[in-house]
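Presented below are the structures under discussion, each in the form of structure tokens.
What follows is a pair of complexes built around chain A, which joins chain B in one and chain C in the other.
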Partner chain A sequence: MVRPRFLRYLIRDLRSLSAPAKGVLVVVFLFLCLMPYLGLSSFFRAVMIQFLFFSFLALGWNTIGGYGGQIDIGQAQFVAIGAYATTMMLVWWDVPPWFSAPVGMLLASVWCFLIGYPLFLLKGHYFAIATIAAALVLKDLFSNWELIHASRGVHLPFKQAPSLLYLQFHTNIPMYYAMLILFLAGVIFLNWFRNDRLGYQLRAVKENDEAAKSLGIDIRQAKLKAYAMAASFAALGGSFHAIYTMYIDPEAVMSTELSMQIALMAMLGGAATLWGPIIGAALLVPLDRFLGSAMGGKESLQGLDLMLYSAIIMVVAVVEPRGIVGILQRVGRSFRGGRP
Partner chain B sequence: MSFLDVSSLTKSFGGLVANREITFSLNQGEILGIIGPNGAGKTCLFNCITGFLQVDSGSARFLGREMTSQPPHHINRSGIARTFQLVRAMRDMTVLENVMIGAFCRLKHTDEAREKALEMLHFAGLSEKKDIPARELPIAFQKRMELARALATDPKLLMLDEVMSGLTGQETAEAVELLGRIHRERQITLLLIEHVMEVILPLSHRVIVLDQGVKIAEGQPQEIINNPAVIEAYLGEKYARSHKH
Partner chain C sequence: MLLQAIMTGILMGLLFALIALGLTIIFGVMEFVNFAHGEFLLVGMLTAFYANTLLGLDPLASIPLSALSAAILGVLTYHFLVRFVIRGPMIAQLFSTFGLMLFLQNLFLYFTGSNYKMVKKGLVVGKSIRLGEGLVLDLSVLAAGLVAIVAFGLVHYLFNHTTIGMAMRATALDGLGATLMGIRTERINYLAWGLGSAVVGVAGAVLANFYYIYPTVGMVFVMIAFATVALGGFGSIGGAFAAGILIGLIEVVGGLYLGSQFKFTIVYATYLLVVLIRPKGLFGW
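Right, the complex of A and B next:
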């Protein structure tokens, strides 16, 4: 039987895991699948949805930012394109998210090609700064664009009855499962990506672009492809966000803070690793919630979370650029005594 | 139609002319050496032919197609592979992964690329090192890895920029043996740069000599070592004059 490649890679990679890793994976998987029936609060479910949401975005970021080494801090603009596409198509034409989400992904890809062409003339820090700038320009545009209600934001229209077509329900349990499915699809996609030609080529570009060129790799094209993948992830996440929260505005879906969070989760957990973005999100989402509820009311403490993020970035950069996965690998190695 | 035709190739940086009107041709199946003292413009010539530098004027035609206006990855795909004077390894990738990058030039699927890379590693005598990160390899092995990686792109012409530099006597002998096998068993045409003459003369069918950006001599290795202009370029004017009979 001929299996598609993404399935072959998945089966092979799962088999090659160590026994304890397999055990952890099974427990986590079962927990994720059964979580709504474990008697946990609706608030806990909301945090879990947020965790899956950010994991998904950080996984997408990992294509261009991790494997490609192009530190993009403008992912929020693609989240916004997806969110607005889904919202406006629902408001104007009553189009369900099932159809508007792919349109959002397409629009995000088109936008990423438009800005990617000049952006990829830049490298390193200059690229990172330019992505922030590009996202801010788009945010300003959206904040002043009357057609999409400018900075006032848009409420999504409620349906009378729960509807699978419009993904509107009485509880957040179905939305949890919707996000879980997106998340699992994201993991499988990333596992395909890192095992396939483009993943290898991007790593080569990251490590030595001159050598990559000499080996027949079209650097610009490879980066653009990965950037379009990251943009599509972000747009899909944005569509989900819109129908989940039922209200969007430029501040909520396209702030620099959101872009930073996405990049930071991947880097903290371990850029260019499959599990890194997920581990990063598992740590930072609860932290964000804690900071939000513990200090949210106090005006004087606003911005503390951003300071904390900056500090985390610096510590990761100095201590272990490969993030928590890098630290775990080191610990594992020393347990086994020396190198593998 | 000749294999590689370089004609009147000129490249300057500001006021400095690194390559002036360089013309030579290369036949399929040949081993051509390019020698010259440091700063003669050898690497610059390589970079012009492989698309890493834009030429000011002149042309380099490979199998009848103009190369100088194309980007490096096109040139590689049309059948010219190169190595670098200072090894350019993907340092955090394993030896096998490095060579797979070369194989991905022609192959789409990971399993095919891995198979091809393993074959190339076997050919270059690196099979045992396949799972080591490239950064941990000693320089002689890194050079071999770079050769295997270039070979994995299935070139018709392999351009090697000082593959022997930094090697011990024993390692040099092994490298010469490997180059011989590449030429014989894989029927690949070789264009070699060296600045140490002793290495290149026994290997090359024909040699051209560059000095200060200009081609000063071309011929069989035996003719080259007796050419007064070459001796002067390498050993200085005084030495050349005192050896005139």
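Right, the complex of A and C next:
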């Protein structure tokens, strides 16, 4: 039987996991699939949707930022392109998100080629800062563009009845499953990516771009491909965000803070690892939401929740600059008696 | 109108250059970008504000205090955070100082509240002189520009005419080589963080003369500082000076013609265009 490559990689990688890791994976998978029926609150579901949403975006970031080593802090511009494509096509022409989301991904890819081609002349810090600047330029343009309601933002039109076509429902359970499917597809995609040609090419470029070039790798093309993947992830996430929150404005979907959060979750979890972005999001999203709901409401405590949140980030950085996955690897090694 | 814009642009540009100077000193010595740099500026501003309201000190007189408090923060940051992170990949620099940025913003949100603060009385606060028809010179902005020039002069002197400055430059050029020559590079790193932070603290004190103070004020200026440093070339002091003035001029003159909502758009767009032609900045190598 001939299996597609992504499936072969998936089966091989799942088989090669250690027994405890397999157990953890099964438990987490079952929990994710059954979560809405475990009697947890609607707030908890909302946090889980956020977690899956940010994991998805951080997984996408990991292609260019992690494996490619090109620290992009402008992902929010692609989130915004996806969100605005879906929203405006719905507002103007009543196009369902099923059709507008791919258009958003396409537009984001086109935009990423336009800016990526010159941006990849830059390296290291120069690249990171230029991506912030590029995203800020686009944000200023969106904030003053009357056709898309400028900085006032756009409300998505409500449908009378729940509709699978328009992905509008009375509860957030169907949206949870929609996001879960996106998330699982994202994990499978990344597993293909890291095992396939492009993933290896990018890691070679990251380690030593001169050596990679001498092996015949077209550096710019490899980076652009990965950047387009990250942009498509972000745009798809943006489309989901728009239909989930039913309101978008430039501040919400294209702020530098959003770009930073996406990069932060992947970096904190462990860049250039499959599980890093997911672990980063699994730590930071619930921490942020639960601390926020526990302390954020009280005037006298404002700021304390995010102080704790950011203190944890700094502690991880000091203990293990490679992120949480690095810490877990060290712990695992010491359990096995110091053997590598 | 144009003359007014050029004058204000140059003076604001000098201030941008001063903020960027702190960033570029630290980068020059140890190739580290501090994303919390804007919050160091905030510390300088808050020091000036509280010295003004509690002690009745003029913001210009509290420049040494602002420099000192920012320098202490810088040394603490190096000692407790950067020292450990510098061994890791570049990614660790980013997320650790993102963390620091969020931490400081919320620390000040918790202790000083989210309301906008403004220094109300001082030697140059709110004062201006008319130079001619439609040409008004804001004294607080003038003071900022003059202080920036003096600070640049001092840093230039320090780096070119003192032993300690030459040791810093040697460390910047080749850390291992400097160690072999008997320079204690670890001390130089502390010094770079102290000096770089003190410089941005000075900028905070003069900025407090005419700008609102609130916990996320640093975000506005840190992006300009990044653009300035990248435009001038990371680690280049002369580059920061020239790029700062250029950015100030673009911001104010561009804002005059295209509308003030686009003033930063033009700055970032120009910066992007320039670094695409010169990927390491105007003065980088």
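Quick notes on this structure:
The rule is simple: the second predicted complex is superposed on the first by the 310 of 340 C-alpha atoms of A that agree within 3 Å, B and C clash if a C-alpha of one lies under 4 Å from a C-alpha of the other, contacts with A are read in each partner's own complex, and residues count from 1 in each chain.
Quick note on the criterion: a residue touches a chain if its C-beta (ideal position, glycine included) is under 8 Å from a C-beta of that chain, and two chains touch if they have at least 3 such contacts.
Computed from a predicted model, the values in this text were never measured in an experiment.
Once the two complexes are laid over each other on the shared chain, residue contacts for A:16 go to neither chain B nor chain C. By the touch criterion stated above, A:133 is placed in contact with chain C alone, chain B being left untouched.
In the superposed pair of complexes, A:124 makes contact with chain C only, with no contact to chain B. Of the two partner chains placed by the overlay, only chain C lies in contact with A:321; chain B stays clear of it. By the touch criterion defined above, A:264 lies against chain C but remains apart from chain B after alignment on the C-alpha atoms of chain A. When the two complexes are overlaid, the chain among chain B and chain C that reaches more residues of chain A is C.
Contact with chain C, but none with chain B, is seen for A:313 once the two complexes are overlaid on the shared chain. Contacts of A:5 after superposition on the shared chain: chain B is touched, whereas chain C is not. Under the contact criterion defined above, no residue of chain A touches both chain B in one complex and chain C in the other. Taken in their complex, chain A has these residues touching chain B: 5, 195-197, 200-201, 203-204, 207-208, 210-219. Residues of chain B that touch chain A in their complex: 50, 52, 71-73, 76-77, 81-82, 84, 88-93, 97, 100-102, 104-106, 108-110, 113, 149-150, 153. Here chain C touches chain A in the complex through residues 27, 33, 80-81, 84-85, 87-92, 94-96, 98-103, 105-110, 114, 215, 219, 223, 226-227, 230, 234, 261-262, 264-265, 268-269, 271-272, 275-276, 279-281, going by the rule given at the top. By the touch rule above, chain A contacts chain C in their complex via residues 71, 73, 118, 121-126, 128-130, 132-134, 136-137, 140-141, 143-144, 256, 260, 263-264, 267-268, 271, 301-307, 309-314, 317-323.
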